[in-house]
Structures are given as structure tokens and as C-alpha cells.
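Could you have a look at this structure, given as C-alpha cells, before my questions?
Each chain carries a letter (A, B, C and D) given by its place in the written order, and its residues are counted from 1.
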Amino acid sequence: MNMNLSKIKLPSGYLSKYGIFIAFLGICVLLSLTTPYFFTPQNILIILRQVSINGILAIGVTFVIIAGGIDLSLGSVLALTGVVAASFAHPGTYPLIVPVLLGIGVGILVGAVNGLTITVGRVAPFIVTLGMMTIARGLALVWSNGRPVTNLSPAFNDIGGGDLLHIPVPILLFVLVIIISAVILKYTRTGRYIYAVGGNENAARASGIRINRVKLFAYIICGGLAGLAGIVLAARITTGQPNAGIAYELDAIAAVVIGGTSLMGGRGSIAGTVIGVLIIGVINNGLDLLNVTSYYQQIIKGVIIISAVLLDRKNAQ
Amino acid sequence: MNMNLSKIKLPSGYLSKYGIFIAFLGICVLLSLTTPYFFTPQNILIILRQVSINGILAIGVTFVIIAGGIDLSLGSVLALTGVVAASFAHPGTYPLIVPVLLGIGVGILVGAVNGLTITVGRVAPFIVTLGMMTIARGLALVWSNGRPVTNLSPAFNDIGGGDLLHIPVPILLFVLVIIISAVILKYTRTGRYIYAVGGNENAARASGIRINRVKLFAYIICGGLAGLAGIVLAARITTGQPNAGIAYELDAIAAVVIGGTSLMGGRGSIAGTVIGVLIIGVINNGLDLLNVTSYYQQIIKGVIIISAVLLDRKNAQ
Amino acid sequence: NPGANQDGGKSIVVGASMLSLQSEFVVNVKDAMENYAGENGVKLIVNDAQRTADKQVQQIETFISQKVDAIILNPCEVEASSPAVEKAKAAGIPVINVNSETSATPDGFVGSDDEESGTIAMEQIAKLLGGKGNIVIIDGYMGQAAQIKRAIGAKRILEKYPDINVLAEQTAEWDRAKAMSLMENWIQSYGDKINAVFAHNDEMGMGALQALEQAKLKDKVVVVSIDAIADALQAVKDGRLDATVYQDAKGQGEGAVDMAVKLARKEPVENKSVFIPFQLVTKENIASFLK
Amino acid sequence: MQPFATMNSGYLLRAENISKSFPGVKALDNVQLHVEKGKVHAVMGENGAGKSTLMKILIGMYTPDAGRIIYKGKPVFFNAVHDALKTGFAMIHQELMPFPELSVAENIYMGNEPLKSFPGWINRKKQNRDAQLLMEKLGLKIAVTRRMKTLSVAEMQMVEMAKALSNKAEIIIMDEPTSALSDRETAVLFNLIRELKAQGIAIIYISHKMDEILQIADTITVMRDGKHIATCPAGTISNEQLISLIVGRALDTIFKKRAVVPGETALSVKGLTGKKFKDIDFSLRRGEVLGIAGLMGAGRSEVVNTIFGLEKPTAGTIMVKGKAVVIRSPRDAIQLGIGLITEDRKKEGLVLSGTVKQNITLAALKTCCSGPFIDVQKERSIAKRQIQQFAIKVSSGNQVVNYLSGGNQQKVVLAKVLLNDPDILILDEPTRGIDIGAKAEIYKLMNEQVSKGKAIILISSELPEILGMSDRIMVMHEGRITAELTGAEATQEKIMQYAMQ
């Protein structure tokens, strides 16, 4: 058709992405001006490494949120998969692949249980994953006997602290997850169905989409990525910590929402989530660099996050 | 119409309420059978006293959820209002009414800020209240300097620990809040508008309802009740704790959802929320009475909550 | 102003990552550090790790990129906070642990061994009960270092007293309101069978105390907890709380800053690991703790 | 009349003895439907007769309680829509089912995406190209990369049509496909249906529009109250016979002449300009019906939405009863005595999770209140009165609106808006999806309102309706008024000419 029409799609989608991106740049410029330590290669690397765990979680939950669900169990799953993986990562026991696969596998299992209870059991995602939040935490404590699982092999710890081609492994993993997820959501049928199910479940059913499968897939991806994040975290802090990850799900979900994904489902993107993750990471890093008192940090962090989204919405109008 | 048709109204509304009530009775019967300490007058009174704080919070957030919103800042607001009220409740300083009004007033203020940012600022409730969660926590820490506010007057402490007409004050307050809220939601215009706004914002606006006002009202009620809960909590533990109430919002929201209120808005009831609150309270009490190991407590609690809702939904089919 | 002049006019910058600034005891340590640093012209940057080891590691990374002169670490976890220590050492910045240990060895240590606090508290309970009776234990947040160590210390004493019977053990997550509810529930199921309560911190001890007072059982039950926060000291003075265990926040905080400055200036430190013992606080010796 | 024609093994599809109950309602009671290859089988019946329910059973959305479906001589059982689509069924649903955030092309090929050789990979280029071709075939000028939510209802409806066609089905169910369409699109659709017939595709066609049925149907099945009433070849039945079969009684003429002389000006608009329209001038007098005709997307809805305060004008004045007014919100409009039946009942009309009673009283809740409190008794009786007056088919006012049949939902909206007794009533496609009996009642109601001195604006894509009801007719094209005709001089041809310019 004619050229004006093709412009219509811009405002709602791109401009809002754009808006939050501007907000992100604004925060970065502000920090570069106020502290000399912010805009340095090392610090940027540090930020990236720091955000990678929340980033992997946030990407997982992006799938679930686009499909119209929510996952509050992430933080606990992180702890559970961390202790399970760590138990198989003592030096000289199993090859590295075993703890990695087990950690991701446990995450997938939890995701599947969430997904099945939500789809077949027809219980609200909020309740299912809130229940799973305490269940997974309990399982992590039972598995580890309430003690951190220590003495992990150097190879395992490298997943969190090592470098590959001079780039920290967590960053590599994060980037890999970004690319694969973006491709799935954008270019595959399953990705399309995730948007469809979240956008209009009834219509999706009427289009012959097996919505239960699609939702299950989203929860499994989310669980599996939580498993991966759990492994990275355990490796980074060189222990499987049964009390790790408390409230991490909130940061992950916040990143997703800041990135313009609607909690109503049907809308959102990996790119947005990545920006959301970076905004949270940069704020955390910057407030520490600026030496803001801890109590005020919390206030400022809250205000900045709300303002960033506010700015974004105003821009989008 | 013929008589079968009149049955239509049952399934969607009443039976589902009924279902969760049956689940609740089931849990109670089970506990009565497994421990002799459960079904005693004192223990019931204790459960009621214990649930009253979560109950008041849950009723507040019921308003918000029916109106189609969410409030994640509750736990922090609880702490903030608690420390503020406590600072004015030292013996021999101000009359009792001052800390009470200040506590509720601060709650209302926070609710109003939430509501205005959501309505006028058009930022997603999840982000606004998540931001407020860290802001209010920070404010509570700043106000109290990170230390508990102690040495409160006996009159103030009676709000949490005293009796009136042989009934603990928190229970009286809880019952009062239940009655007033149920009346507002069921029998006033504002209550009806809350349902309408949550059910279909566009339709509500086209019907001449000022949706921003209605939403603001819901957040203010929610904030005010969080303030009341904060006062009761501070009085109960005889200190204003800046770190009180962490994750309380999740219990409150869980109670609301267990009670059949939809997180999509437009549907729900105070009666349902009360049952949800009681289910959580009874589980907490019962697991302690049965002396279930704490790791397993978490697992069992999660499983019971999911199962209760599952049973409810199955029943409703 | 010794911090400023001896280093060519440039004052020393010390970064500190604290376990949680929502914990009264840690706030006391922090205040002591800040006061002492202020008096000595040291610039102190305090971060709050909010009980998250990962966050603590991040904060140390940030200190390193800020090029601070020394780092004080108030560890969240024994093992999980170790990478923080190792990172600082790798960057050539001296690191001092305050209050508790990590499995990685820092350049200096000022603090105490949490196990000892559990030992002292449980020993006092055993003494007050005459070596026999029923107790209940209120745990801190499960899996956290302080909870684990205090539990280990207490268990060690319990092994010595076979006639002390643990009726129930449950977590109240360091929270006073949760401990109060837990105690109320236990009063229902165990009633006057309970002879003593051991709580992993004073907040929870105070919660249990209030539940017992409301049930009018306090005079029959011993309550002992740990930390010696202001409220607990007052309660000991009033004869409500039977005992608490005092940890020297001021000594720890000042000692840590002092050692940090010395290590930053590469001055000799004779004792690189200073253990500050816990002290039992009862009605008898309360006067010396109330300031 | 014979219930249905003699058994013919040549039937492509036979639905036998289908029954379906929802909690408390028997939606279908032993219903038959036999469909032949290459024929258009019309299904007619009042609102709530069970037509959509039967179709949803055929497409696998509901499972029947009893009965069986025989397709090409073999019994089939659909567990999910997926199975039905694979077997060669397609359906255009009565309710629009858009994916608002996705593009037109993505909507069309949802569930049926063209793939690349790599499994699971969508071939977007092909998808967009195919979609564009389909659009052109349907005579639509919609860029396939536009997001669905930017389309008007009519455009969405056409997209749904394209979607059903894209499935290469052998049997296509169309549940009121033209309810949102104007004559031009309807004509396009009918040409298409004839083409499909020629290819041997069977079509089940549901509509409340008599003229359409007479034009396109080969066979007609009538249902009432969940029961099969009659099936007969289209040629053998007269219009009047058909109507009496549908409503169960005879119905006199639908459009009655009014003897009302228009009074003073109630509403006038000068130079009104908005995002999608420009320089709108018109005035409306008391006791008058002003019809607004135009093709889909002409901007009619936008004009009235702006007058009602749902959208902001960029320029122009609105005068109500001679006084210039500023309308910032629907609330202002309602207080000025304006009532609007919005175009999309699900989006702006109804609180679907609410009950019939709550919806009816929503805009006039104040009248059911003493102080801030709702007078329950009064509310109930008011709701009851409206339910009776508008013949809304419900068991009680406490029924949830979500489960009402489409036509009954529309009546609930009417009952709601008219409860405020507005002086200026704007009806945007008020009879969409409404059965012939109810339509007649709505026209009667409009006439009553006019004779009470109310002023009415009627937007409709059904030209007979516009012609039959209006005193004056305004025609819009691409956001501008292109003609104003008196009722007497207007004809379908003239209107179409101005509408297409």
C-alpha cells in the first residue's frame, strides 16, 4: 500500500522502546558526568557481568509474561538449581557437564510443574508460582540440609568467574541467551504463538493453536533459564546457597516491565528486557560508585525506575 | 423464563466462593483430626489475632485488585507507617490519636502517590508500586535511622495486644474493616464503580465514570489500611521496625487470589479475601502446632495453597 | 588528622560492604566505623549488601574500579562471600573482615566467632534450668551464616546435657512479629511444658517474650537470645529477658577501620586477627552495658 | 413443513442430534444440520437461539453433550479447533478475535504460517506477500504490516475473512460475517462466496439480514430456543414465512412512518476536526433522525466519539441546545444529555465480568442511589423494567453478561444508555448482530424517542436501515462530509455514489 500507512506501526512499538532507550542513555550520561569511575572499560565489563544473572532470569520470564503469565518462583528456583548443581560439582567427582545439565534440568522440571498446574490445573499463575516459590525454597533447604554447598571444582567456578576469549563467561552466556531468545520470539512459529496466546487466548484457540503446549513451553524455557542462572550464581559465589536469590524475581520482572513488555501479555521484546536489565544494573552500580548512603539508595533507585518508565510513556504519547 | 435458567447465576460467582470455603473447611477438619490443640477456643482466638494484620492488608489490596491494579508496596508501607506512628507514641508525649492518625495518614499519602503516578502518570501499577516498595523501605530506614523505635506507651501497645469487651483489639479492628469494606464494595456507588473500572476501563469511561478518581480511591483505601496494619503490627511487637513486613504484600495478594478475586480485575469479594486470609493463617498455625520441620513447612504450605485453589477451580467446573 | 597528612595530603579511602543495614547490630558497627573514620580523617564508603552474597561480590568489584585504598568486608556468608575477598586481594587492595569470617583468608580480621554466641546463650539456659528441662529454639533465616553458626554452638552445649529436651525448632526469619506468632502457636501445643526459649537473635527473643507475657507464662519460662540490642538490654534490666549475649560493635568497628588504615599505609600490624569475645549479659552485670 | 429434506448421502457434513447444555441453560436440544458440497446453507434464528453454539461445536471449540458429526461419510470427533482446521473446516467467528499487537499478515496466518525449509522458521516475506494478495482479492486497501489494533472494526472483520479463506478449507462457517460491514464490502464478500461455491466449497452462513439470506442462500435452517425448527430450500419460502418461523409469530412492517415535525436545534457542530476527520458541520434538531452513511473507515465513529468526549477534537465547536460547550469526557457529554451506543460493545459498551443488572444501571447509578448507597430494591426493579422493555433474553438480572448471546449483549448496552433518558441519542451501528424481531423493537423504540422530542444520530452500514429510519442523511468519505440528503431524495445508489466519491 502507500507509504504513509507503513509508518503507522512505528509509534506504539518502536517509539516506546526508543523512549526507554533514551531514558537509559540519560542515566548513563548523568553517571558519566558525576563520577569518573562509571564510564571506564572495566566498569562497563563489571556492570555487564553483574547484570548477567538478572538478565538471564529476566529473559526467561519475558517468555512467560508475553504468554500472559507470571513467574514468582524464579528466586527460589535459582537457589534450588544452584544447590543441586553444586552438589555434583565437587572437585574430582563428576565431569562439568553433569552439574550443568542437572541444574538446568531441575529448572526445566520446576517450570514444567508450574506450566502444567497452570494449564491443566487451571490455577492462576500468580498462585501457582507463589506456591512454587516457597516449595522450591523448601526443597533447596532440604536438599542442602540448610547449609551452603561448598568446595566446588575450579572448572565449575569458572562458569561464574572465568573468562573465555578475554570475555567473562557469564557475559558470554547472557549474550547467547539474548540471541537465541530473540530469534525464537521473532522468527519462529512457537515465538509467534507465544505472542498470540498472551494477546488473545480465545482467538489463539480459535486459530487452532494448542495453547496449553505454548504456555508450557514458555514456563519450561523460563525454568530452564532460571536453572542456568542458578548455576552461574553458584559458580560466581563458589557455593550453592540455599538462601540465595531472595526477591530476585521482582528485579527480573521489573526489568521486563521497564522494557515495555505488558504484564497483560501479548506484547514485548527481548531488546526491551535487555534495556530494562541494563537500567537496573547501571543504577545499582552508579549509586554505589556515587557513594550514596544505603537508605537513600533505595529511595533514589525506586524514584529513578518509576521516572524512567514515566519518561518513556510520556514520550510514547 | 423457565426454572432451570435461574440456576445460571450460581456457577461463576457462588460456586467458586463455595469451593474455596469447602477447601478451607477441609483444612480445618484435617487439622482438628491431627492435633488436639487446633480446634480450641484459645487457638481460634490466636489464629484470628495473627491473621488480623495480613487480613487488613489483604482487604486493602482487594480494592486495588478489583479495580484492576496491584500493590507491591504494602510490606514497606507497613514498616514506614509503623516507625512513623511509633515515633509519636512514646509514653507521655502525644495523645494516642496522634500516632494513629499519623500512621494512617502516611499510609494514605503513599497510596495517593501510587494512585496518582498510575493514573495521571500512566505508569504500570506493577512498576509504580515496586518502586514504592523500595522507596517506602528507604524512608522507613531514614526516618528510624535503621534502628527499631522502642519505648512505646502502653495505650499504644494495647492496639496490638489489648482487649476490648474481652476480644483482642486487632480482631475487632479486622472485623470492623471487613464490615465497612464489604459495605463499600457491595452497597455503594463507589464500590460498584471499582468493579466497573476493573472489569472494563473503556466501558466505565464511556458510562461517565471518572476512572482516575475511582482508581485513586482504591489506592488510597489500600494505603490507609496498610497504615492501620502498620500501627497494629508496631503495637503488637511494641516497636516500630524499619525492617518489618518484608514480603507481606505477597501473603496479602495470595489471600486475595485464593479468595477468588481475579488479578485481571473486575471480580472478587471481601468474603473471598477473608477466607483466603484464614486459609493462610490456619496453615501457618497448624504447621507450627504439628511441629513440622521448617524446611518441610514451606513445601507443605505451598502445596496446600495450590491444592486449595485447584480444588476450588475443579469444583467450579 | 592522621589520615590526611601522612599520605601526602591525600586522605585514605576505605570501602565497606556491610551484611545488612537493616540489622540493628550491623548498624551499630557501621556507626562505630563512621565515627572512628571521621575522627581520623579517613573517607569511608559504606555499602549495604542486603544479606545477598552476590550483591556483596558486586560491591567489592565496584570498590576495585573506584580504586579504594582498603576494603572492609562484613561478610554475608562464609563461602559465598569468599570471591569478594579473593577479588580484592587479586587487585592488590588490602581487605579486612569485620564481625565474621569467610573461608578465604583476608589480610586482616576483627570480629568474633558466632558459634561462641550460641554456646554462651545455651550454656546460660542450661544453667538456669539446672541441666534439665524442655526448650524450644527459634532459628534465624535458614541457611544464613549466623543462623548456621549459632545453631552449631547451641547444639554443642545441648550434647553435654542429655536431660535438656528440644521440643521444637522453627525459623522466624530474624523477625519479631513472626517469632511472636510462632511462640503463640507453640504455647497452644506445648503450653506449660516449655521451660526455656532460645532465640537466634534478640528481635525474635523479644517476640517470644511478648507472646509468653500475653499468655501469662513468662515467670515460668526462661528466654535467652543474642545481640544485646537496646530493647533487649532494657528488657534484661527490667527482669523480663533472662539473658542476652553482647557483641562489641564499637570495638569491632573501630578495630576494623584502624587495621584498614594501617594496611593501606603498609604499616606493620602486630595482630592481624583480632578476636573480640562475646559476653553474657544478665541482670547482674547489666549496668556495664547500659550507657 | 418437513423438518428436513430426505436423507441424502451426498451431504458433505451431517451434524446429528446435537445437544449442548451450559450450567443451567440448554443451548442446543437435539439439533440437526445437513450441509451439501458447493452450497450455501443459511442458519437463522433469534438472538440466543443457539446458532453460534452449534458452530463452535462444529469447529471443535465446544464438545457436544450428545450427538455426532459426520464428515464425508465418516464420524469425526474434534478435541480442539486444531483438529477441525486440519480436517478442512474454517470459521469466521461472530465475535472478532484479533491479536491487537500483531500485524495484519500475522493475524491472517496465525496457526497456519508459511514456513521456511528450516523447521519452525516463519517465512515472513512469503507471509506478507500472500497476505497482500489476499487483501487485494478482497478489494482491501490495508497494508498488511499494520498492527491489528489500528484497524476499525470493519477492517478487522475483513481480516478475519481473509484468515478463514487462507486456510483452504472445504467447509467455511461464517457467523454473522457482515454485521460490521457496509454494502460495498458485503458485495465483495458475496462475489467471493459465489466463487467458493463454484470451487465446491460448502458454506454455512449465519446472518440476521433477510436480504442477504435471500440473495445468497441455497438452503435455510431455522432454529429457535436451541431447537431445530425447519430446513428448506431457499426458493420455496417467502420473506414473511421465514420471519414468522424465526420469531414464532407474524411481524408487521419493520420501518414505520413517523409523523413528527422536527423542532429546534438540539446539537450543532461547526468545523469539527479530529485526527481522522476534518471540518465537520451539521446540525440536529429535536424530533429528528439524522443518518450518517459511509464506507468503513470513513470516520463516522470518530466524529461521534469526539462529540461524546471519548476523543479530543483538534478544532471546531460543539453547541448543545444553542450553547457552545466543551466536552472533555463522556461524563460531560452525559450531563449535557447526550447518550452514545458505541460501535464495539465488548470494548466500550460492556463490563463483561459484571451482571446484566450492573451493566444496565452503570451509567445511571445515581438514580438508584440514596446518598452514596445503592438502593438494592430500586436497582433491581429498574433493571427488571429495562430487561422487559428491551426483551433481553436472560434468566435474571444477575446473569453475567459475558455468556449472553451477541444480540442480547447489544440490547443490554441499549438498555444502559437509554436509562439516562438522553435528549440526544447517538447510535453507532445499533442493530449489529441483532435479530429481526429485536431490530423491529429497536426501530420502534427510536420512533418513540423521536416522538418524545429526542434527537437521534444513527450511524449504520445497512443502507435500508439508514433509508428507512432517517429524516436526513449525511454521507461521509475519508473524514469529510460529501453530501447531505433529505430522506425523500436519498436512494441507495445516491448514497453509495457520495460514499465512494
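As a convention for this text, a residue touches a chain if its C-beta (ideal position, glycine included) is under 8 Å from a C-beta of that chain, and two chains touch if they have at least 3 such contacts.
Values in this document were obtained by computation on a predicted structure and should not be read as measured data.
The interface with the greater count of contacting C-beta pairs, when B-D is set against B-C, is B-D.
Remark: subunit A and subunit D have CA centroids separated by 43 Å (rounded to whole angstrom). If you average the CA atoms of subunit C and of subunit D, the two centres end up 70 Å from each other. The mean-CA centres of subunit B and subunit C are about 33 angstrom from one another, to the nearest whole unit. Of all residues in subunit D, none touches two or more other chains.
In subunit C, the residues that touch at least two other chains are 21, 142. Looking at subunit A, one finds that residues 141, 146, 294-295, 297 touch two or more other chains.
According to the touch criterion at the top of this document, the contacting chain pairs are A-B, A-C, A-D, B-C, B-D.
Of all residues in subunit D, only 59, 61, 80-82, 84-86, 91, 93, 97-103, 106, 110-113, 115, 120-122, 124, 141-143, 145-147, 149-150, 163 touch subunit A in the complex they form.
Listing the residues of subunit A that touch subunit D in their complex gives 1-2, 5-6, 8-9, 12-13, 187-190, 192-193, 195-196, 199-200, 202-210, 266-267. Against subunit A, in their complex, subunit B makes its touches with residues 72, 117, 121-124, 126-128, 130-135, 137-139, 141-142, 146, 247, 250, 253-254, 257-258, 262-263, 294-303, 305-306, 309-310, 313. On subunit D, the positions that touch subunit B within their shared complex are 22-26, 308, 310, 329-331, 333-335, 340, 342, 347-355, 358, 362-363, 365-366, 369, 372-374, 376, 393-396, 398-400, 403, 416. By the touch rule above, subunit B contacts subunit C in their complex via residues 35, 37, 40, 42-43, 46, 49-50, 53, 141, 145-148, 150-151, 161, 233, 236-239, 241-244, 246, 284-285, 288-291, 293-295, 297.
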